[in-house]
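Next come two complexes built around chain A: one with chain B, the other with chain C.
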Partner chain A sequence: MSSEPALRDGSRDDSRIHDIGYRHYDGERLGRASIRRALFSQSLRGAYGLGRSGRSKVLPMILFAVMCLPAAIIDAVTVYVHLTKLPVEYTRYAIYLQAVIGLYLAAQAPQSVSRDLRFKTVPLYFSRPMERVDYVLAKFGAMAAALFVLTATPLVVLYVGALLAKLSFGTQTAGFGKGLLAAALLSLVLAGIGLVLAAATPRRGFGVAAVIAVLTISYAAVSSVEAIAYSRGNTGAIGWLGLFSPITLIDGVQSWWLGAHSAAVGGYGPPGVVAGIVYLLVALGLIGGSFALLMRRYRKVGLG
Partner chain B sequence: MTVIVTEGLTKRYPRVTALDRLTMRIEPGVTGLVGANGAGKSTLIKILLGLAPATEGAAAVLGLDVATEGPRIRADVGYMPEHDCLPPDVSATEFVVHMARMSGLAPTAARERTADTLRHVGLYEERYRAIGGYSTGMKQRVKLAQALVHDPRLVLLDEPTNGLDPVGRDEMLGLIRRVHADFGISVLVTSHLLGELERTSDHIVVIDGGSLLRSSSTRDFTQATASLAVEVTDTDRHPDGTRAALTAFAEAGLTTRADGRLLLVDIRDEDTYDTVRDAVAELGVGLVRMEQRRHRIAEVFDNRPTGHDEK
Partner chain C sequence: MYNATVARLTYRALLGRKRAALLFALPLLLLVISVAVRLLAGADDGTTGDLLGGFALATMVPLIGVIAGTGAIAPEIDDGSIVYLLSKPVRRSVVILTKLLVAMGVSVFFSAIPTFFAGLILDGNSRHLAVAYGVAAAVASLAYSAIFLLLGVVTRHAVVAGLVYALVWESLIGSLVPGARTLSVQQWALASASHIADGGAISAQVGLPVAIVLLVVVTLGATWGAAGKLRRLTLAGEE
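And now, the complex of A and B:
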């Protein structure tokens, strides 16, 4: 309790430290919106290890580089070989690299929410002006934004390369725009799924395993069933199967809505308008549903 | 201005009644809230912070209605939880700055207030090290600092001395005293140990089973609850020294009850000690022990007025 700093050294008058006692704070107190923004930016930076230890920067930065590297190579090839179009569609890029995105989500979603649960920091947030919805919005927004940075940056690299290669400006810009839209939707859907799984347990390891399991198992299952349907000639079913895994769901939405070529077996996207709308509704439902689940989850972990 | 007012505050869960028509007023200063585990302390704190609605009744904190002005109350109140709540891999400075931001302070203000507050709770060079390596006492100080960093007008401290050794306990109690005396911040501090609250609080509120058992100034409380434990030897003249002393104390006008070989004398004032000493000397028996008894909350409950027992 000794708040009286060294006064022993009284001879050197000009360098003495004075204990000025307790000072009240009468400065500005920002409202909930600012607090939400502060938590959002802290969480977004944290998702790339910024403001955290050097060790926690390694994985997200490597994954970020891995995401961008193929785009840079594609650019180089396009420019030097004088291709007339990019060898990869903007909308297809994330699907090719889904394993990287999955790894990133599995590592960062638990990082973002499990820590607060595990160390019981959540009650400290809720004893402050913010409400539950502010916390969930900030965490959800930050995770989605982090994923968007991860998935949209390589698209920017591709786009810049395409322009350098003097490909058609109109076509490229349209493709790039669609790619960004699809990346945004993908980020929101994956952020929701990742956070719900990660927030279910205070154990970070379980969170990581759960996210990887849900993403890979669902994708593997959908792909194999699609292949079986294809070999039996049941192509109509293929277009519906994509609903059951996050990545193929986004693929379905973008192939119907944005006119992208479907990555499903044989290129069979959602059959018709009704199917397309169902895909879009399921995607939006997933986002809304994960938000609702997170709100419910945090109702239980108020003050312990 | 009254800090906390509750009026018929009731909180019922499907199977238990956590608060039962609790009516009380808490004035500025340090108030100790005493209750056994499950007495409703945590529920009360939740309601006061506007985080859980009351089933019936009303409460106001700093003149703000808990039912409608939760965020405003929480901007002006600090809360230190009973349980561990610190991430081990960040430094105290980083953690408290973040919590200041979460209370609505701008980045620069958050850093300045953090440096000030950590110094006031007694954390100096170690504040740049990761919290994981701190002692329990240092962790408690960080928890207190995050409750004070936004300069609240009231802090709610939930069992702040839990897990501390006697020295750490004394330091924490001294710090709590300073929060009011030097910082001018009102304090509501909970504990299940009445003894330590006697030394820190101006006022003590005892709740049990969710309702108010007692609310009075610490002075009244100590007088009613403190007693002196006396043990004496037998001598040839007094083969049963204990019985002889009991009689002698009664003659000297002291209220005493025997508990085996121990005699518990109610302390009325400072003179009680002298009276006991003189009475024992008069008898010529040996004085084995004479010590002040700290009352635990259970003893207050034993002495509660009849009629309160049935629930």
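And now, the complex of A and C:
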């Protein structure tokens, strides 16, 4: 960013277009910020198959539709049956449809990073005036933005439906705001996990399996153990078990911080303020940790 | 019907570094959870059923099936190296059968045996639960391997398609639409498990004869389909 003014002065320190004698280029040189923006928007579009072949649009678009459809149905029911509140909390929506979000992440995170590794295009990126942090920021940001579009659009649909049904404006707006905040946190956490796993391998199929395995296995393990703790009357433990899978982690954060009802068995969220803070810290730690791991991953990306 | 060289190559592809890490991690997690539950909650049949039915059979077995079934052939088709295999004087049905046997062996090894041991750890095979779930996991692994191998030959997005089946169809649709449960590998496996365990310990949605017929039909059908598709395989370019 700092180099942009220098470029306008005609300085060539940032240019990497190699003059091998074919044709002169004396237009404006766009710097790192522009590269970062371009990579971000290309990755975001790519995550929905835009600008790519028709076949690669099918899956993300279907998942997007599946994500929005229940919200539209809920709206219709709310309007025609004259409910006094939405049957689903804004913060609970993503938890219900976590399988769809998981599949989207598993399909699109390897799409975003594995192909660059497999076709050995990463070294080409880095031969431009762009740094490692630019690549990681752009890819991370794009994946999180794509997930946010996926999780926030149905919330917008719900919100519009709630207003059309003439539900209380204040309550709905507050709930919607909390839902968006939770969706943003969820997007960042999941994008980090998905990209770290996907960037570990140039094989797309393997990346897909790894992402989905981590998401579903951790969730299934946590909910089985939670159910056992519940049946043994050990309700205090339920609130802490949620720390061990991404979805239940977000559920814990939003039930403590945003006053949502926990989706854990019996509705037992984090017990107390200390647990709530631990949940939030773990979520932020996951985001920061996955960013650091990605930075480490791309420290050495040779042609090997 | 079995080619030792193809089998060796498939084993090496399946048990390569990263894939093997995932294949080892899943059963290990099951065993760790079992030990933790046994220590915290003590031996209990209900808990054992929850953990083996809800976690091992519903989540771990399909995932291992996806990894082993698609991993046996999909990467080779994906990167085009399958042409070197197909240009050898080996019948394509032999290639499919060999890869299927290897995938079945690997998934039974990584799913049925850990499930059995988890059952032993949880309540020491009381009411034959450990054996029943172990057999169910083995039966399910055989069918999943065949189905996912077929998917691996048919589509480039085999892993995603397999996961959609395993997660969306079996868990989501299966829990909403009762009829869908009849067409679920998991329920067929549970039918055999309920037959082995003591009366009423495990309940299944399908009767044993129906389950066995469907299992055999699906496994053979998927194998035949995969062999037929490989015979007419055309390699598509990168999208």
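Definition applied: the second predicted complex is superposed on the first by the 278 of 304 C-alpha atoms of A that agree within 3 Å, B and C clash if a C-alpha of one lies under 4 Å from a C-alpha of the other, contacts with A are read in each partner's own complex, and residues count from 1 in each chain.
Keep this in mind: contacts are C-beta pairs under 8 Å (C-beta built on N, C-alpha and C of every residue); 3 or more make two chains touch, one makes a residue touch a chain.
Everything quoted here is computed from the prediction, not taken from an experiment.
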First (chain B), second (chain C), both or neither touched by A:S53: both
First, second, both or neither for A:A94, with chain B first and chain C second: neither
Chain B versus chain C as contact partner of A:I193, first or second or both or neither: neither
Touched partner set for A:L44, first chain B, second chain C, both or neither: neither
Touched partner set for A:A152, first chain B, second chain C, both or neither: neither
Partner chain(s) touched by A:I238 [first = chain B, second = chain C, both, neither]: neither
Chain B versus chain C as contact partner of A:A144, first or second or both or neither: neither
Touching partner for A:A227 - first (chain B), second (chain C), both, neither: second
Shared chain A surface residues [contacts with chain B and with chain C]: 52-53
Residues of chain A defined as touching chain C within the complex: 52-53, 55-56, 59, 99, 102-103, 106-107, 200-201, 203-206, 208-210, 212-213, 216-217, 220-221, 223-225, 227-229, 231-232, 234
Partner chain B, residues of chain A touching it in the complex: 1-3, 21-25, 27-32, 34-35, 38-39, 42, 51-53, 115, 119-121, 123-131, 302-304
Residues of chain B defined as touching chain A within the complex: 42, 45-46, 49, 51-52, 70-72, 74-75, 77-79, 81, 83-90, 94, 98-99, 101-106, 109, 113, 116, 119-120, 122, 146, 150-151, 171, 174-175, 178, 182-184
In the complex, chain C residues that touch chain A: 18-19, 22, 26, 29, 33, 36-37, 40-41, 46-47, 50-51, 54-55, 58-60, 63, 66-67, 70-71, 74-75, 78, 157-160, 163-164, 167-168, 171-172, 239
